[in-house]
Structure formats: C-alpha cells, structure tokens
Amino acid sequence: MRLPNFLTPRTVVSAHCDLPCGVYDPAQARIEAESIKAIQEKYQANQDPVYRTRALIIKEQRSELVKHHLWVLWTDYFKPPHFEKYPQLHQLFNEATKLAGGAGTKESVDPADGDKLLAKIDEIAKIFWETKQA
Amino acid sequence: MRLPNFLTPRTVVSAHCDLPCGVYDPAQARIEAESIKAIQEKYQANQDPVYRTRALIIKEQRSELVKHHLWVLWTDYFKPPHFEKYPQLHQLFNEATKLAGGAGTKESVDPADGDKLLAKIDEIAKIFWETKQA
Amino acid sequence: MRLPNFLTPRTVVSAHCDLPCGVYDPAQARIEAESIKAIQEKYQANQDPVYRTRALIIKEQRSELVKHHLWVLWTDYFKPPHFEKYPQLHQLFNEATKLAGGAGTKESVDPADGDKLLAKIDEIAKIFWETKQA
Amino acid sequence: MRLPNFLTPRTVVSAHCDLPCGVYDPAQARIEAESIKAIQEKYQANQDPVYRTRALIIKEQRSELVKHHLWVLWTDYFKPPHFEKYPQLHQLFNEATKLAGGAGTKESVDPADGDKLLAKIDEIAKIFWETKQA
Amino acid sequence: MRLPNFLTPRTVVSAHCDLPCGVYDPAQARIEAESIKAIQEKYQANQDPVYRTRALIIKEQRSELVKHHLWVLWTDYFKPPHFEKYPQLHQLFNEATKLAGGAGTKESVDPADGDKLLAKIDEIAKIFWETKQA
Amino acid sequence: MRLPNFLTPRTVVSAHCDLPCGVYDPAQARIEAESIKAIQEKYQANQDPVYRTRALIIKEQRSELVKHHLWVLWTDYFKPPHFEKYPQLHQLFNEATKLAGGAGTKESVDPADGDKLLAKIDEIAKIFWETKQA
C-alpha cells in the first residue's frame, strides 16, 4: 500500500531478517539513499553551522543504513545460482556499499554523489526484481 | 526502482530522519509488518524449538521497528492541518502501534494478527498518499 | 530510592517494555529532557568548536530518547478509556514529541526550547499520575 | 514531575551523557530493575511458552540497561574524592552490575534476585544522594 | 598488548570505522565467532530451558556481529587491486557471512558449524595479513 | 588467525557476552582505542570542516565502545579473588574508562590522550593475561 491509492497496488513489498522470513526489498536501501541526497541538497542550501553539523550526523547514520540494507541483500537474499547468472553482482554490491561509505556519501556533501549511489542501487534493484520473476 | 522492471516506475519512494530530510514512506513500516506475518506463518509450520525461539526473537525486533516507523510518521511527517482534516488519524496511529506491541504482534503467533496490522498500516498509507497529492 | 535520603521515599518509580512489565514512569523522558536543557546552556557558554559539535551530537541522541520514552507511554501505557477521559492527550503527546524533534530541541540550542519541552512533559506526567491514582 | 501531583515535587531528577551534561540519577537503573522484578513475577505466573520466551528476551535487555546505567554512574559521575570517602563504592558497583549479569538477573527468573538487585541499587543511590547534598 | 606478557608483543591489532581510521583487524570477527562456538558447546551441555533460550538470544547477536565485522572488511578495507589479486575474495566473504546467518550459526546449535565459520574467517584473515605485508 | 601467517599463531583470542560464553579479550577495547588515536592524528592533519565533524562523530562512538568493552571485563570477567590479588584493579578500570569519556578521548583531539588510554588498557591487559595463565 505504499503506492498512491489511485494506482493499482500491483507491487508486493519485500525485505530481510535472517530467520529468514523471505521478505526482501531494495526499497529499504533506496529510501535511505534518497534521504542522503536530500540531506546533501539541504546542506548546500543552508549555511547555519548547527544545521550543517546535524546534517552530517544524520547523513552518517543514513549512509550506514544503506550499507546495512545492501549487505543484507548480498548475503541473505542472493544465492550461488544468482552469482553465477550475474557474475558482476559481487562487484556491484562492493561498489554500491563503498559509495555509501567513507569515500562516498558519508564524506561527500555533493548531491551528485547521492545520485551515483541511487543509480547503483537501481542497478541492483533491477537484477533483484529479475530474480524474483524467474 | 523497487518495482519490477516491467512496470512503469511511477512511484517515488519516500521516508524520515528529523533533519528533516523530507523523505517519508509508509513502506518502511509495511515491509517490517510483512516480515512479521511471514514469521507467524513459518512459526506455525515449524515445531523445532530452536527455530521457534529464533522466530520470537526476530518477531519482537520487527514489531519494534514497525512501531518506530509509524511513530516517526505520526510525529515527524503529519502536521496540525493533517490532524484537522483527518480527525481519526491520532487514534489510527495509536491503534496501529498497539497492534505491533505487547498485546499485538509481539505476543501473537497468529498470522491473522499480522494481517490486522497490515490492514491498519494500509489505512494510514492511504491517508499519507492523499496528503502527498494535495 | 532516587529521592535524597532525607526525604521519605514515598514514590514508586515506574516505567515500559512491552512484555508488558507494567512499570512506566514519565521520569525517563524528563531525565533526558533535563539533559537537553543542560546541554543547551553549556553550548551557549562554550565557544570551543569541538565542544559545540559534541554538544550537538549528544543533544540529537537525547532528543531521540525523549521521543522514544514518550511514544512508549502514548502507545503502551495509555488505553482507550484514558483517551476518552483526557481528549487532549493525543495532541499533547504529538506536540511533546514534535518539541523534541527536528523543529524542536534537535535543532535548537536555546535553553528556552528545553524549558518548553520540560513543561509539556510535566503536563503529560500530571495526567499520568492522575490515572495511576484512579 | 515524576511524583504524583498530590506530593510536593521536591526532587529534581538527574542523569548522564558524557558531554557531560551534569544530569545523573540512579532512578534510571532502578526503573529497569523494577521492570526486571516484575518480569520475573510474571514469568512465574505464566506457563505459556511464547510468553516465557518473550519474558527472557526482554529481561536480558533490561538487565543490560541496568548494567549500563550503573557503569555510567561509576565512571562518569563518581570522582576520586568520592571513592576516597566511600571506599566500598568500587565493590558496591561491581557487585551491583554482577547482580544484573549472567549469574544474576539475566539468568534468574526468581523475583528474589530482582529484589537483591534493587537493594544494591538503593545502597548506591543512598551514597549518590549524600554526595549531591555535600 | 592482547598477547600474554611472556610473549613478545609482535602483533599490532587493527580494525574499522569509515572515517576511515585505517585500523582493521579480522580479530573482531574471530572473537565473536569463538564466542558462538563456545555458546553452541554450552548449549549442548545444558538442558535448562532458560539457559538454552538465553544461549539462542545471545548467539543471534554474536552471529550478527560476525557478519557486520566481515562486511566492514569486505567493503571498507579491501580495494579493487585486492579483488584482482585474490579473485576468490568476494565469494569467500559471501560464504563466510552466510555461515554466520540464518542457514548458519544463527540457526545451528552444533559446534561443528561454529568451527566451519572460524575456518572461513581464518582463510580471510590469512589474505588480510598478506595484503598488510605487501 | 589475527596474526600474520608467517608467525606461529600462538595466541587464542578471547572475549564476552554474559551467557557467559567464557571468551574475553582486552583486544576488543584496544582495537577501538587504536582507532581513536588514529582519528586524533587525522583530525590534526586535516582542516576540512566536514572531515573534522565526521572525526568527532566517530571518535565519540569509538570511545563509547572502549568504555563498554572495559566495563564488560571489569564486571563479567574479573571475580572477587582477582580483585583481592590485584587491589589496584578497580581504580585502574575506573581511570581507564574515564580516559575514554567526556574528560578524555571523547573531548580530546590530541593523540597524546589516545596514547594515555592505550597505555592504561595495556596495564589492564597485562593483569588479564596473568590471570588467564594462573
């Protein structure tokens, strides 16, 4: 029901807990990454030192959440047959989590870096949904 | 990009961090609630004591996450004008978070209680998306 | 025994865990809110950039704790009959948690905002203790 | 304002964050210890396996919180002159935190062990309030 | 100084925080994995239901810590040139984190599975220390 | 296996969870303290305000971890006979945790304070390993 109610709710959300419950969804990582990009934009538009410090505190946390949600997908959802079919998957996840790390959105206050992270998450999401259809 | 790639990605995910970043999305609560229902179903289907104990440990955590994500929406996203327009909103959130608490999905191993929680979250999501369109 | 030993310990502390254990106490939120106000005062009195950054980091955490403790009271302690008897209770909690959020003590370094939060918590505490006597 | 409103609010709550904010209060440990004892009592009165597992999960967390709040007092509030004046203080804290650990309330489902922990916390609180008056 | 004092302290510990601080050490994952194996052994030797439930609660947490410490090494320490030199590294980390997950030590109460996890961590540690010498 | 592979792995790591699992290791505190010192050095070498704020955020967390790991050793590993044999042990732990607190490495950006903390941890580690041999 995360779709506006005027749209047919044709998607089933899915996520991650290692029971495992079987529910996985790249949206968890994407939502945090969208937050990161919004924080970067707001940081650029606001010179107040208190605001900027808070932005950095929160961006650090949100970036860590992105890494966590991606790691969960990489270890818990994806299985050996997936890695065989998508040989680039390991590197994709390694690059995506690096983009949310100390050399990525944790350090950067440039929305362009938020966009790079979002694009990489979308690459992963595309593969994720292909495997769900299979 | 959390939609299967054969669907038009017509939804923009949104979420929550009190900067505030302006990104909110009821999907965060729903994903955890779907996990809860799946755990309840798996609990019913598995008599192994280790498995069942793990299911209860994880269900406790996921229920707490549902409560947290809903509280964030109630306090951080919704503003006085929303509560005026939707006078039932306070009670709706109070009931929803109670459904994920000690008398709700934390205690219950019945998937029917997971369904009740999901239905209540969907009621909230419907209002949420109406306010986003406004 | 949290009272000075020269006072009759006539109060029984109470708190919050969703078993539920039945122990609830607004003091948990108030203690964090007093910390917030103290941090705001110390922030004003100290120009050192390291100190100020640390103050903001910690104030962010303490404000989140206030929100959490209040949410727990609102969802876990208070029941429908309470909300009927105190129709202002929903709004009171919504305002109190907003006062500890991004437009409240998370952002503000003014002790006056710490005072506003404390006053709102005291309003809630007054009702809480009335319901405990009932 | 954590006192019932028919009592003169003659106590000022106090707590702990390492800024330091200067706010400390043994009530934080005591509230969690009261929760532990309540959980032990409820555990004894309820044979339901789901309920009992949840009680153990939560008691583990609450015991950890007691340990944390006590450690904070021991390291952050008490200073060398206090330890000189109260030479038993180190041992008192070591015993109290052990009472909330693996050989204490984390393991025990006997309310008598909850009482032992509460009594030890009260010994600490008595000294704490004496030092606050000094 | 984590070596017994009769040994030459010829090793420098190292670890991980995304500043990055440059300190990394596979010991962090190994210590938690040793704890997991010890818990599995104690679980087998103790029939008490309270003890066993606690063992499962704690093993769940320790397994999560192993996964986290390994993910940090994989994303934060290892760089593209490492993955070129050790093409098996991605799969090694994926297998190691899976061994600490829902189909690994989170579920298993068999010390043999703790040993498998330890062996895999040692394979990673061997490569890690080779890269530190390079 | 945290030793370089050209060294005989003659040390067994050990750590801490209150089952208790019986695994303890001062290395957990030391690794975080080494991170703290590295952060202090990097802080001094970098004037960028974003970098410096991030350094303070992370140093706050790492210092808290040092305190936690030391508290665990003090309460969970060391027993009354140890405190009798090493009467300075209480004070040593109290001083060490204070060195990682608000008047220690949380506040200080001077690597010399990181060194003081490391030295104190090494004093504790020396005693720890003596008791393990006994």
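Chains here go by letter, A, B, C, D, E and F, matching the order in which they are written, and residues are numbered from 1 within each.
Just so it is clear, a contact is a pair of C-beta atoms (placed from the backbone, for glycine too) under 8 Å apart; a residue touches a chain by one contact, two chains touch by 3 or more.
The shown structure was predicted, so the numbers you read here are calculated from the model rather than taken from an experiment.
The chains that touch subunit B as well as subunit C are A, D.
Over half of the residue-numbered contact pairs of E-F are shared by just one pair in C-D, B-C or A-C, which is C-D.
Comparing the CA-atom centres of all chains against that of subunit D, the greatest distance is found for A. Comparing the chain pairs B-D and D-F, the larger number of C-beta pairs in contact belongs to D-F. Remark: subunit A and subunit B have CA centroids separated by 19 Å (rounded to whole angstrom). Subunit C and subunit E have centres, each the mean of its CA atoms, that are 40 Å apart. Look at where the CA atoms of subunit D average out and do the same for subunit E: the two points lie 33 Å apart. Those residues of subunit D in touch with two or more other chains are numbered 18-19, 53-54, 57-58, 106.
Screening every pair of chains for touch gives A-B, A-C, A-E, A-F, B-C, B-D, B-E, C-D, C-F, D-E, D-F, E-F. Within the complex formed with subunit F, the subunit C residues making contact are 50-51, 53-54, 57-58. Within the complex formed with subunit A, the residues of subunit E that make contact are 18-20, 64, 67, 71, 74-76, 78, 83, 90-91, 94, 97-98, 101-102, 106. Every residue of subunit A that touches subunit F in the complex is listed here, in rising order: 52-53, 56-57, 60, 106-107, 109. Those residues of subunit D lying in contact with subunit C across their complex are 1-7, 10-19, 21-23, 25-28, 30-32, 34-35, 38-39, 42, 54-55, 58, 61-62, 121-122, 125-126, 129-130, 132-133.
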